[in-house]
Structure formats: structure tokens, C-alpha cells
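Each structure below is given as C-alpha cells.
What follows is chain A paired twice: with chain B in the first complex and chain C in the second.
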Partner chain A sequence: MWVNMGPQHPMTHGLWNLKVRIDGEIIVDADPEMGYLHRGIEKISEDRHYNEVVTLMDRTCYVAGLSWETLYITAAEAALHIEVPERARWIRMLTDELQRIGSHVMWYAAFVQDIGLMTPFLYGMRDRDLILDLFQSFTGARMTYEYNRVGGVRNDLPNGFTDRARKVMDWLMPRFDEYDALCLGSDIFHRRCDDLGRLSATECIDLGITGPMLRSAGLARDLRKDRPYHRYDQVDFDVATATAGDVTARYLVRMEELRQSVRIVRQCLDWLDKHPGSVLAQELPRWLGAPYAPVGAEGYLLKRRYPSGTGFSAVEEPHGEAQAYVVNTGGEHPYRVKFRSPVFANMSGAKSYLVGYHVADIPPIMGSVDICVGEVDR
Partner chain B sequence: MKPEELKDNLAELLGPRLLAVEPFAGMAGRVRFERTAALELFRHVREVLGYRHLSMVGGIDWVDHREVFYVAWSDERKEYVLLSTDVPADDPHLESAAPVWTAAVWHEREAFELVGILFDHHPDLRRLLTPEGYAFHPLLRSFKLHEPEDLEVKTRNV
Partner chain C sequence: MAASKPEKRPEERPTGLVWKPLTTAARQFAKSFVRPSTILYPYERLEDPKFREKVAVESGRPIGVGEIWDNYRGVHALNIATCISCNLCAFSCPDLCIDMVTVPGGDPKHPKKCPQIDYGKCSYCGFCSDACPEGCLTMTTHYELSTPKRSEMVYSPQRLFENYQHKLPMNPIRLARPANEDAILLDAPLCIGCNACARDCPTNCITMLDVAKPTAKPGEKLPRRIWKEPVVNDSDCVRCGTCISVCPKECLFWGTHK
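Then we have the complex of A and B:
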């Protein structure tokens, strides 16, 4: 019998439908049905100025907007042959890591609610707000930041930001131990999560699964180490791994990543304190350079020829490995923008990690995938 | 791996069906090949060269023809490779990579519905993001965003 779990189901964070075929209580087949959130972001991008696509990136993944902004913008800069100031690279690394903390804490809050623990949910939401406050202090927004620009970032960090961020990090670090105590110390948590949704590293590679799901199966693959972008080669951190490859292992990996992110954020803040400077490239063509180019101003709406090129970037986004491919044929709009969403690939293997488990196991298993439907459907 | 090494390695296997190996920033290289060599190349790249992780499949509509590109990652080499081929717009057929990389199934479904590439021997070539029976391939250049009559969702009778 086929059962529709969704599109309106407490387990589906975002709008999607999981069709499962069941034999009694056992799952024998699964087929996720996507597309409820398809907004044609890749198509709209072809009609937008390079900087305007950044606006769409916040909407692509609504819990990790800044990671998607830096992903797109590094590919766009490669396609346009534009160099970025050193300080902007470090700010991007800082925002990526803050975003990872925000996203993982949000995941924690949603996941524990999926398995029936209400109190940790409130703790998670409370702590995520501190990260959003930090974002608000330098982007002006809590969710749709529009902070990156071709050639750097829109504005520098405000005075006193680094001290404020350090205080938040000092406050967060012991909270992660609290999270662990609430979950790992709970017998209910272990009974609901241990030995569920098992995947081996080989299966993950074959299915294209990346991110915490792959690392929980024992493979220490992290683009920040393997193929450093921004300035990840200049900071110290460890790649979090676990061996079991089940739901509990994914929880452990994400919790360790939170701690490692705090470590990276602290190093970024130290570096930014010592190295003031420009955050936006100075020698940009007028239509790219002005952060708020007036519409109709010379060069902005006129058709400009620019050396063509193709840009590719890959970023270790909170959910896994995200990629962008930007084709520039010399016009003022990108000719084609293509994104690889990590959740898209992680969900495509749903059948492999659901078959054989009970229907009641679906919420913890799908919760451990960390689904963000916005980036799957785009 | 350098583009020259990659070229030497692949030229032996594909002969004239290998069109070029170009340098590409951040990758081992951009391999341009004839579409008839697709399956052979995929097998070789995965099994012999070790690019076991397929990351992305995308299509580009160049109006007179369409381009299909594959991005794969190797854990041993710690780098990406880009495989790219052209298919004519009036006959957009290409051999599916799904028998080689399981991960290709969803990526190719997406390239099929958005850019209209027809993957032969694909196990499950259904639409993924757009509704069943939707009559368009929205990422083709002929699909215009500004024409209001297109905003209404037109579906075939299914």
C-alpha cells in the first residue's frame, strides 16, 4: 500500500511529499515527491543583473542564506574575472561559519521536536536568535541578508561587532554541552534514534550523499579541508566524523561541527580585528561596482560587453556540498546559472535509508537528513 | 591531475571522439567529448580514474544546440572533473549515466524536465520539480518569462 506522508505532515519541514509503500508497519519502497516549492530560481537568474541574483540566494535556502550567497558570488566572480579583497574573504568565511551554527542549531531544534522532545526545541530557537541578532547588526536583516556583492561584501562589520560576537560564542559553547545532556542523556532519544537509517560510506558515495550524512559514515570528507576556499587553509579546525552511519551518528557529527565552527569564528574575529581594510574591490566596472547602482544610471542598464567566462565554485554548506556553475557570455545577466543542492542529492537516496525500517521511524530518519526544501526545489 | 595528463589518458580510449581537454579553474579539466562516447567515458572516469562521486548534471540551451555537463569528484585526487558534450536541439538524446553513477538518476531527471535532454536507458525519466504532464522545459531560451499568456500553467490531458 502506498501512503502519502505530506505535503502537510509534521515530519515534512517545508513542503514536500514522501510516498512510502508499506507492508504492515515495514517500509518496502519510498519515493519523495518534490517541486511544491519550485520557484524557477535558475530561470529568474537569467533575467537578473549579477548582483540581483544574490537576493534570490537568500530565498534558495532560507536557513542558510549567507552560505548560498557566498556560493553563488564566488562562482560569479570567477566567471567575471574579478578579484576580491582579503578582508572580504575573511568576512565571508566568518558569515559562512556563523550561518553553519545558525543552521545546525535550527536543525537541532526541529529534529528533537520530530522525535518528541519539546524542551530542547525551545532552547535551540533561543540560541539561534543570538546568531540572527549578529546578522542583523551587520546586514540589517534576520533572514534575507543580501550582503554579498560581486567583488566583496556590501559593508564592513560595525564597531564593536567582534567583541559582541565573542560574547555570543562564549555563551553558546556551554549550551552545546547542555544540548548533549538533554539528548544523549535521554533513554528515549537513544531508543528512537540508534541503529536507524544506516548508510555505509560506499553507499553514500554511490548515491551522491555529502555533508554530515557522509561524515557520520566514517569518511572525513570536507571541502573546507580537501579543497579550501575562502581562507579555510589558514584556520585550524578538525573535521567531525562518526562511524555508525545512523541517526545518532549524524547528531554527533553536527554537534561536533558546532563546536568546530565556534573555533573557526573565534580565529576569524581575531584576524579581522588585526587587519582593517577595504571590503569591496575598488576597480570594478561602474555597473558592477556601486552597491546601490541607480537604475538608469550610465552603464547600469546599458548593454555592456565584458570578457566572457565560466565560473564554478563548491562550498561546504551546512547541509553538505553545494556547487554553483555560472556561465557569462559577456552580457549584463548570467547566461545560465546552475546550482547543485546537497539536500537534493541526499534526498534522492531516500529509498536506500528508509527501506526495512518502521513507519514510526520515518520522522527521526528524515529529520536526520536536515531537509531544506527551498534549495531542493530552487 | 593536469589537463595534459587527462588528455593523454582519455585520447587512448576515445580516439577522435575526444574533442578537447581544456584547463578549467578549480578543476582537473573540462573534457569535451562526442555524445556517442558517453557511456564509455563515464565508466572509465569512474572506475579507472576514480571519480566515484557524481556531484552535478546540468544542461545549457545554446539555442542551436544544447550542452550537457557532468561534474564528478575523486576522493583520492581531491579534485573535480568536468565532462561536457553537445547534443543537437532537434535530437537531444544522450546515454544516461545512471548505470554508472546511481547518483545521476535525480540529476538527470532534473536536466530532462528543465532543459529537455532525453536520457536513453534512464531507469525512471519522470518530471521531478514541475507537475506531471507539464508541457514545457522552462530553462530553454524559448521559454520567455515576460509573456503573460505563459504564466497560466498549461497541461496536456494525462
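Then we have the complex of A and C:
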């Protein structure tokens, strides 16, 4: 019998439908259906200025907006042959890591609620608020940041930001132990999560599954180490891995990543304290700056001398490996923008990690995937 | 670097059976003296620094919760007096929510136009205030926009000016101009000296100067008017492109000086 779980879902915030075929209580087949939240972001991007696409990036994944902004903007800068100031790169790394903390804490809050624990949900949401406060103090918004620009970031960090961020990090570290005490110390958690949704590393590679799901299967694949972008080669951190490949292992990997992110954030703050400077490249053509004046007759635009090019970037987003590809043909809009969403691949493999388990196991298993539907459908 | 799972679960340890519930209960009881994170929003406001301080101290958190910083991107404030009607805010809007509408104050031939913002469409990206060359369109920390009517979401320039007059805290961040920005260049052989660019320039940075007229051949009729060409003062120019869009011969274009 096919059972539709969704599109209104108890465990995600967007719309998607999980069709499962059940034999009694046992799942024998699964078929995730996505597309309910498709907005055609790739197509809309072709009709926008390079900077204006950033506003769409915040709407792809609402819990990891800045990661997607840096993903797109790195590809766009590569396509436009623009050099970014060193300080802007470190700020981007800082925002990426803060975003990872925010996203993982949000995942923790949503996940434990899926498996029936209400208190940790409130703890998670409470602590995410501190990260949002930090974001708001330098971007000006809590979720839709619009902070990155081609050639750097919009504005520098405000005075006293680094001290405030350090205080938050000091406050967060013991909270992570509290999370662990609430979950790993709880028998309910173990009974619901142990040995569920098992995936081996080879299966993950076959399905294109990346991020914490892959690392929980024992493979230490992390783009921050394997293909360092921003300045990840200059900071010190470890790749979190676990061996079991089940739901508990994914939890452990994410909790360890939170601690490693705090470590990276502290190093970024130290660097940013010592190296003041410009955060936005000065050598930008006028039409890439903030005001987008009309360029006049179409012929004059096409005669323009801006060199064409293509840009690719890959970022270890909180959910996995996200990739972007931007084609620049010398015009004022990107000719083509393509994104690779990690959650799309992670979610598409639902059949391989759902079959054989019970219907009641679906919320913890799918919760451990960390689904963000806005990012899947784009 | 995986965190290790606890060796034994509470029910397997005899001491854990007693102590764990007790310590948990004691900890939770102690939390009842701490201020809850909930904020009774309409009655307790985070804009109030005293209240924020109170929350931060009582909840034991390192920074105040939900503080509204000066660079918050909320409702716009518009200073009508300094607006030069350059259209840059409308051009830069990704959501096309800005319309330029006529406001009193201009002369009848060239009415003054100021931005009217539809907050039903606005995404609060801040590109318009970044683009504003005069700094007259800024974003404020005001964020309460609920209204029973959709038509009330459209803010006229006068209503935005009220925000300015109320002196709400405004976003202090101004973007610096790029060092190598493009200038308006003239394709001189195409120019017919019609004065349209100088007439519509919002900053009056274009002057029509007399230029050496090509000598007419014998017997050819001379042009009746004096031949003029626009000269752009680059330091005053805000790069709004109005001149380019009004030029009937498409002889003005963006470029860099040789």
C-alpha cells in the first residue's frame, strides 16, 4: 500500500511529499516527490544583475542563507575575474561558520522534536537566536541577509563585534554539552535512533550523498579540507566523522561539527582583530556597483569590453556539498546560473535508507537528513 | 573525531537511577528562578535598551536578545527636500516595488518625482538606499507594518517623509563609490545638440558648450542654431543614466576616459 506523507509535513518546513509503500508496518519502497516549492531561481537569475541574484540566494535555504550567498558570489567573482580583499574572504569564512552553527542548532531543534522531545527544541531555538543577533548586527537582517557583493561584502563588521561574538561562543560551548546530556543521556533518544537508516560509505558515494550523512558513514570527506576555499587552509580544525552510519552517528557528527565551527570562528575573530582593511574591491566596473543605472541602447552594452568567462565554486554547506556554476558572456546579467543542492541528492536516496524499517522510524530517519526544501526545489 | 557514546545507559547504572532524575529535577527547579526567554512582544519591546539589559542579565545570556541595531533594514525614510529625482532607487530595485511619482515642488515642465514604495513587494534588500547618491533614501529600524488593507502597504513619498521627520534611527552605512567608475561619454559626430540631456539631468552637471562648427561648403545651407555639445562634469555626475535614456540619437554611452 502506498502512503503519502505530505506534502504538508510534520518534519520539514517546506512542502514535499514522501510516498512510502508499506507491508504492514515495514517499508518496502519509498519515493520522495519534490517540486512543490520550485520558484525557478536559476531562470530568474538570468534576468538579474550579478548582485541582485544574492537576494535570491537567501531564499534558497533560509537556515543557511549566507552559505549560499558566498557559494554564488565566489562563482560569480571567478566568472567576472574579480579579486576579493583578504579581509572579505575571512569575513565570509566567519559568516559561513556562524551559519553552520545556526543551521546545525536549528537542525537539532527540529530533529529532536521529530523524535518526540520537546524541551531540546526550545533550547535549540533559544541558542540560534544569539547567532541571528550576531548576523543582524552586521548584515541588518535576521534571515535574508543580502550581505555579499561581487568583490567583497557590503560593510565591515561593526565596532565591538568580535568581543560580542567571542562572548556568544563562550556561552555556546557548554550549551552543546547540555544538548548531548539531553539527547545522548536519554534512553528515549537511543531507542528511537540507534541502528536506524543505516548507510555505508560506498552507498553514500553511489547516491551522491554528501555532508554529515557521508561523514557519519566513516568517510572523512570535507571540502573545507579537500578543496579549501576562502581561507580554510589557514585555520586549524578537524573533520568530524563517525563510523556507524545510522541516525545517532549523524547526530554525533553534527554535534562535533558545532564544536569545530566554534573553533574556526574563534580563529577568524582573532585574525579579523589584527588585520583591519577594505572589505569591498575598489576595481569594479560601474554597472557592478550598487546603483544599476540603465546602460542605454542595447548596442552600446554589447560593445562593452568586459571579458567573458565562467566560474565554478564548491562549498561545504551545513547540509553537504553545494556547487554553483556561473557563465558570464560579457553582459550585465549572468548568461546561465546552475546550482547543485546537496539536500536534493541526500533526499533522493530515501529509498536506500528507508526500506526495511518501520513506518514510525520515518520521522527520525528523514529528520537526520536535515532537509531544507527551499534548497531542494530552488 | 567523533564524540564517544556513553558507555552505559542510565538504567544500567544503579547509581544513575537515583542521581540522574534528582539532579535533573534540581537543575530544572533552579531554572524556575531564571527569566524565561519568552518576550511578551507588544508590551515588552526590544528597542528599549533598559528592557534589553534586563533580559540579558536575568536570562544569563551574553548579549541582549533580538536587539535592533542601527543598520537594521526596516521601513524607508525619505528626505523629499534633498531628493534629486535621479531614479537610481527605482533602477536598483530587484522587486520592482519602487515607482517614481510626482510630488509638489517641481516646476510644471519638469515635475519633481520621488520614490513611492510598495511594501507588499519589498524584500528589504537595501539596494535602493545603497544606490541613493544623495543619501536621502535610507532605511530605518521601524518594522511594524501590519495593516488591514493591502492598499495601505503602498507608501507615498509624503508618508516616507514622515518617517524621516520622526527621526527614526537610520541605517548609517553608505557605500563608497568604486574608484574606477564609468563616466558618460559622447559620440560627438552623432550629436545634434538638442539639449535634452542637459535639460533632464537631475544634478545639472551637463552644460551645453559651443563647439567649432564644421564649415559648410559653398552654397550649402548653414544650420540656423548655434552648434552645441554636452560636456559632463564628472565630479558632480551621480551616474544615473538619465541623459543616456533621453538622448534621441543614442550618442551618449558609458565608458572610461582615454
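Throughout what follows, the second predicted complex is superposed on the first by the 360 of 378 C-alpha atoms of A that agree within 3 Å, B and C clash if a C-alpha of one lies under 4 Å from a C-alpha of the other, contacts with A are read in each partner's own complex, and residues count from 1 in each chain.
Rule of thumb we're sticking to: contacts are C-beta pairs under 8 Å (C-beta built on N, C-alpha and C of every residue); 3 or more make two chains touch, one makes a residue touch a chain.
Quick caveat: nothing in here was measured; it's all calculated off a predicted structure.
Of the two partner chains placed by the overlay, neither chain B nor chain C lies in contact with A:277. With both structures placed on the common chain, the touch criterion links A:184 to chain C but leaves chain B unconnected.
By the touch criterion stated above, A:331 is placed in contact with neither chain B nor chain C. In the superposition on chain A, contact of A:116 is made with neither chain B nor chain C.
Of the two partner chains placed around the shared chain by superposition, chain C is the only one that A:140 touches, whereas chain B remains out of contact.
Which of chain B and chain C touches more residues of chain A is settled by the count: it is C.
Shared-chain residue A:356: touches no atom of chain B or chain C.
Once chain A of one complex is fitted onto chain A of the other, the partner contacts of A:126 are limited to chain C, with no touch recorded for chain B.
Put simply, chain C touches chain A in their complex at residues 1-3, 5-6, 9-11, 20, 37, 61-69, 71-73, 88, 91-92, 94, 123-127, 130-131, 133, 139, 171, 173, 175-182, 239-241, 244-245, 247, 250, 252-254. Those residues of chain B whose C-beta lies close enough to touch chain A in the complex are 24-27, 52-56, 58, 60-61, 69, 71, 75, 78-80, 82, 101-103, 105-107, 110, 114, 127-131, 138-139, 143, 145.
The touching residues of chain A, counted against chain C in their complex, run 48, 51-52, 55, 122, 126, 129-130, 133-134, 136-141, 144, 146, 154-155, 158, 164, 167-168, 170-171, 180, 184-185, 187, 190, 238-243, 248-249, 252-253, 255-256, 260, 280, 282-297, 299-300, 304. Residue ranges of chain A in contact with chain B, taken from their complex: 34-35, 38, 40, 42-44, 47, 78, 205-208, 210, 219, 221, 226-227, 310-314, 321, 323, 325, 327, 335-336, 338, 340, 344-345, 347-349, 377-378.
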